[in-house]
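One chain, chain A, appears in both complexes that follow, with chain B as partner in the first and chain C in the second.
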Partner chain A sequence: MSTLKPVLSRTFQLILVLWAVVTILFLMFRLMPGNPLAAYIDPTFTLEQQEALIRQFGLDESLLRQYFTYLGNLLQGELGYSFRYRTPVAERIWLLLPNTLILTFSSLIVAYIFGILAGAWLAWRRASRAEAFALPIVLATRAMPEFWLGMVLLAIFSFSLGIFPAGGTRSAGTEYESLWSLYTSADFLSHLALPMLTLAIYSQGLPLLLMRSNMLDVMKEDFVTMAKVKGLSPYTIVIKHGARNALLPVMTSFAISVGYQLQGNVVVESVFSWPGLGRELVSAVSASDYPLAQGAFLMIAVVVILMNLIADLLYTFLDPRISHA
Partner chain B sequence: MKTLFKLASTSLVGMALLAGPTWAQDQIRTIHLLSRPQAAQPAEFQAVQLIAQEWRKLGLDVEVDVMPWEQMSSAVWYDRDKWDVTAWQMTGRPERSDPDEIIYNLFHSSTAESGYNFIGYSNPEYDAVVEKQRVTIDPAERQKLVRQAQEILAKDQPNMMLVHPEQAFAFDKNIWEEDSVVNQSGIGIRNTWTWLSLAPKTDQKDIIVNSSDNVIAVNPLYISGVTDSFITELLYDRLFRVGPDGLPTEWAAETFEWRDDKTIAVTIRSDMMWHDGKPVTAEDVKFSYETTTGGEAPMYAPFGQSISSVEIEGDNVVVFTLTNPSASFITSSLAKINLIPKHVWEPILADLATKEENAESYQEEMPIGSGPYKFDRWLTNEEIVLSANSGHFNAPQAERWILRLVPNAEAALGMLRSGEINFLTDFAGDPQVLIDAAEADGDIEVVSTVDIGFRYVAFNNRRAPFDDPAFRSALSSAVDRRLIVKAAFKGFAVASNSVVSPALEFWHDKAVVENFKAGPDIAKSMLDEAGYTIVDGRLAYPEGVKETLGE
Partner chain C sequence: MSQPLLSVKNLSIVYEVPNLDVVAVSRASFDVPRGSIVGLVGESGCGKTTMARAFTRIISDNAKITEGSMDFDGKDLAKISEREMNDLRWRDIAFVPQSAMNSLDPVYRVEYQMHEVLRGRGGMSRSQAKARAAELFEMVGIEANRLRDFPHQFSGGMRQRVAIALALALNPKLIVADEPVTALDVIVQRQILDQMRALQRDLGISIIMVTHDISVVAYICDRTVVMYAGEVVEDCETATLLSKPLHPYTMGLKNAFPDIASAGTGILTPISGAPPDLARPPAGCRFAARCPFALDHCRSVSPTLMSFGDDHSVACHRAHEAEALRAQAALPETWGEIL
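Right, the complex of A and B next:
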């Protein structure tokens, strides 16, 4: 009972937040200047053809009516039809989502493994010359715009050195039997390298700094002093005794990072021609394809909200000091 | 009451005369000049700034209003009497190789209310000339009329023509034979003829091209975008194709014959096959034309509107009867409408007839045409792969044609240098960057071509002072086009004074461009001659003309 209640109240909050997001999205695109279909109605159309198109997309209904239709469709998982592709939005989002998830999770895993290890090491080397050198670099990587970092990596590793390809998920015209054979191919991994690295460099700062400050707290605890007194090796003290205790907040921050990372994808996918959801969002907005942009925004919002929920719940279950009761 | 009013007005005029010239002439209101944002259209934005600056020198008060395309198009297109001046563009398409679409639709008074003549230009003399060229089949005779139309436009200046842009494309000359690249007049080296004749020098036999736009649809009944039409042009045959010289040439048609000025008989080739192995018949051709005009394909429908009936004679002759004689029929209809297989599309269309959606919303899993390339696969937002149709009467030299979707212009250029692509067909960056990169690389050949399309500033001919040809001419003459070419287009454009591009050599009237003189002094003296003077530091109407639209 005591664990069920927080889950329920959190879930209720989640629904409320989702409803707000959905409503804002609906209004945002309808308050933009100009006829929403202007970009898709060819001037050579007769008035009848134009009206047929407007009817087809339900834009002749009142705003309130459109809103309820939209909510009703959402409940059934319907995201409407893209103005530009004239195909269901949901279909397109499902096609592109796997590419985005692979990029997001691979870069986060790399960022967290590196961040956790480097953070623990830096805590151990507190007030050393290594720290004086490393900390400003970490802060700088957090401040670098992702598109700029992406372009710099492209210029160095692709244009100048020719080590990695400049875009896409595979070489032109190559075919793979299954998704699995694609994802495990050297071709795919070399295409993944640069966008993954860009996102990883950008996001390793959070786990690194978090890990470092947690470690500094843990290292002051009595059991660490005890371990030092026992004469254990630095490796055993840092990894076995310190890191395991400092890890908990870092793991919950992983969930929140997934949400931030999806926003980073918007930029990085465009730089590296990665066929994912972020790039689709950019092109949908610039082409005024409102249903598609709305759907992509919603998808990203859902992931962010869900990940926040998971982070919250993880705390409840993993850390006995925090209780929602 | 009437006499009273008359009395009052005459006394007003009398008073105005007594009070001196400041009363007699109305200052021209603030003119609003529309442009798209710098981020979206840098050249247009820059040109508009220069134009506004030159007009201000004449004493006009000019305000530049920047807005995105969606807003601008609906403001200009749907509220036709509410705007003053706007930057605008027409893009080059192969079917615009015939001047009819541009000179007729853009300026004929019948299209002023809801069609392409959104500027509201109306000149009966002009109407007569463009109507006549439409029905004049003899090319030499028609050429005279098309040039006459250009002369009338040069005199009236309904629009202020700016430039015909130059488009630069590039390819890897280590991979492709340089002399197998075809430069199509007004279109450039990125064209169907190049994709057919491009000869490989090495084992790399795949043509790998790029586009920054996503592919929207691969649909023979839907004009969904410039990039998409590269694909449909390769997958589907047409009776004619616009040739490298801009004139139509027989394609799926073996021969043709004008029986009279409203009847054309086309004999189709007997050796054609659909990609699924079935033969292409006269029945398919008839079906293709009837579908296009039948209401399920609204964007293609205008290209078939002059057809009144399509009949089959014998095995392989298709006879088109037109409602009116049409000189541009071969280019704008027979070289435009895709041939589609009846056995594939008949059931699809029957199903669509019961629905609100039309054929434009339908995407085939595996598009079937009869063209020189076959559809292989489509990876969403990543690539489209076509493979050569070796059984075609004009089979390509290359093995595959692969379109990569690359939104980042810098990356596209990097890919050309690294070999990830070998033919750059879309470069949104600064052309000079491309030329510098090609020089640094040594293996890359850049070819730039003058476009059929053009950039211009449209005057709202419905509204004073733009209803006065003398005023429009003066404003147009105020800006030296060389300035626009250099400053806004960085040299990648040619100055224009005609809607018919110099790329269409046969139709273009050189004289109207050569005789066009521009400069602030010329503009001032033209305004002076037409009675426009400066009143209190601002340009004013000639005597007797009132400002009725001032705020």
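Right, the complex of A and C next:
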């Protein structure tokens, strides 16, 4: 059917982009100063031992061979061994990725639901006192650095009021049978609250302002005027025609925001000691744990690229002008 | 003659801009007889669209009806409550917009937008609405299976037909059509106009046709109301308007449009100058500055719309000399010198 073709062509583009990302990542880590094994090799190793290690990791081979070995391993889901943990990188990433995704999506969903509703409401109350009051606040939250906001929330809700825990994903000493029971536990959710709130406050400005300005534009469209001339109900005019059309670009921005949010996560995960991919990335880079950093970078890139694909596909689904063109 | 369907009296509409009032429509009066097509003609900015919108009372937030009445079937559209007005909208007074592309919501199928009025305003059941929508499409000459299409899948002419079908949906008494064929090529224009004429005859509705194109007026309208700078300057049957215009502006308009029937000289004579600023209208006749026949009296005293002959109203101090003026107006040099 007509919907299959765009999906296929987008998927093909996605594979191309992934390949480019993988190649850049590969070269980037080879261009970094110093021996990649510097952190791994103990100074007490003999020269033979060091050379044996270099051979073992394939670093004595040509760059091109290394590149193809790397691609081949990636295709099998093989991301190498972490220098620091001495465990497979993939294992480590699979352990941390859910935490990052839960934090990212929960905060974005909260931010977008709030932003869309508040944005539509502000458009409705245009040039009112509420708008004069709300817009500067929204702009201020948009301008706040998220680490600062995180620390302020920590100071208030954790250190002063003691409502929410200060960091991590669970209280010390608690054990859960499965990941699912962990993620659905009240303990996990109370740990999630503050970092989620920080990111949600940080990111609600975009959907709110976008929704508001789209709504203002759409409400000036002829079809909205015609809906009034037709005598349709205010609900039909504002929600079914106004908001439905204003929502289109906001949905795209949601998918793209996931990418930005993952950057924001690096900071917020550090502030809240949230064991996610962002925090791991920071510590891997500072510990010169190149395989792990490379894997984390790759994973973040994959999520961003996937979300862009979803944004494209979502748009063809939401806007008939694109899917039927 | 029976009571007109719509009787507009002394209607004034003002746009309130900070520190400034722009009088877009100034004490306009005219009637729309039952079962007729009335053209509302004038150049851009003369207030014709503002007035057309006023009949649905969906006007800009900063526009206000400051005086006058619009007597529609015994109800004054300027006075009735918003609730009463909303009851009339689309059920009795429908609207065909200029750009049917932008007037249809791009994300919904045409069928959905048809059902919105049929079920939402007409109280029909789903199956009734379905049958009626198919019937309406047939009336405007589109296959019923196109109902499942989205607006962007129609051509410009088809979309205009869809807009007409939508306007007919609830059997209104009056359709206000705002430049319904302006964006279309002449062949499609003619098809659409023919269709509107046929539907209007079959269904006995009245149409107000807003246009700047005097050939559209000549082709389809029974009566024509000429507007200039927010005022009605002439109002009579179209045939009379074209053969014996009384107002110099109408004479000038005629000269400015190509006439295929008497394509002799091939020269079009424009009316030089521009309409006055409606925020600061001049004293006297508003057309005086561009009128080749203006006298001192015209520049100081504003003419009122007066009945002249049977069923012919005009706002001109020199209307009694119209015959002589028409002869002069036919000469291009008459219009040449004024700047």
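The rule is short, and it goes like this: the second predicted complex is superposed on the first by the 296 of 325 C-alpha atoms of A that agree within 3 Å, B and C clash if a C-alpha of one lies under 4 Å from a C-alpha of the other, contacts with A are read in each partner's own complex, and residues count from 1 in each chain.
Convention: contacts are C-beta pairs under 8 Å (C-beta built on N, C-alpha and C of every residue); 3 or more make two chains touch, one makes a residue touch a chain.
All values reported here derive from a predicted model rather than from experimental measurement.
K.L.:
Looking at the overlay, does A:M226 come into contact with chain B only (first), chain C only (second), both, or neither?
P.N.:
A:M226: touches chain C, not chain B.
K.L.:
What's your read, chain B or chain C touching more residues of chain A?
P.N.:
Comparing touch counts on chain A for chain B and chain C gives B.
K.L.:
Which of the two partners, first being chain B and second being chain C, lies in contact with A:H241: first, second, both, or neither?
P.N.:
second
K.L.:
For A:F114, select first, second, both or neither according to whether it touches chain B, chain C, the two together, or no partner.
P.N.:
A:F114: touches no partner chain.
K.L.:
Both chain B and chain C contact which residues of chain A?
P.N.:
The overlap between the chain B and chain C interfaces on chain A is empty, containing no residue.
K.L.:
For the complex, which residues does chain C have touching chain A?
P.N.:
It is residues 56, 58, 86-91, 95, 97, 99, 102-107, 109, 116-117, 120-121, 150, 152-153 of chain C that touch chain A.
K.L.:
In the complex of these two chains, what residues of chain B are touching chain A?
P.N.:
It comes out as residues 67-71, 73-75, 77-78, 114-116, 118, 206, 208, 214, 216-217, 223, 298-299, 302, 356-357, 360-361, 363, 377, 379-383, 385, 400, 402, 404-408, 410-411, 414-415, 417-418, 420-421.
K.L.:
Quick one: which bits of chain A touch chain C in the complex? Just the residue numbers, please.
P.N.:
Per the stated touch rule, the residues are 221-223, 225-233, 236, 241, 244-245, 248, 318-321, 324-325.
K.L.:
Under the stated contact criterion, what part of chain A meets chain B in this complex?
P.N.:
These residues of chain A touch chain B: 32-35, 38-39, 42-45, 47, 49, 52, 55-56, 84-87, 92, 95-96, 151, 154-155, 158-159, 162, 165-173, 175, 270-273, 275, 279-280, 282-283, 288.
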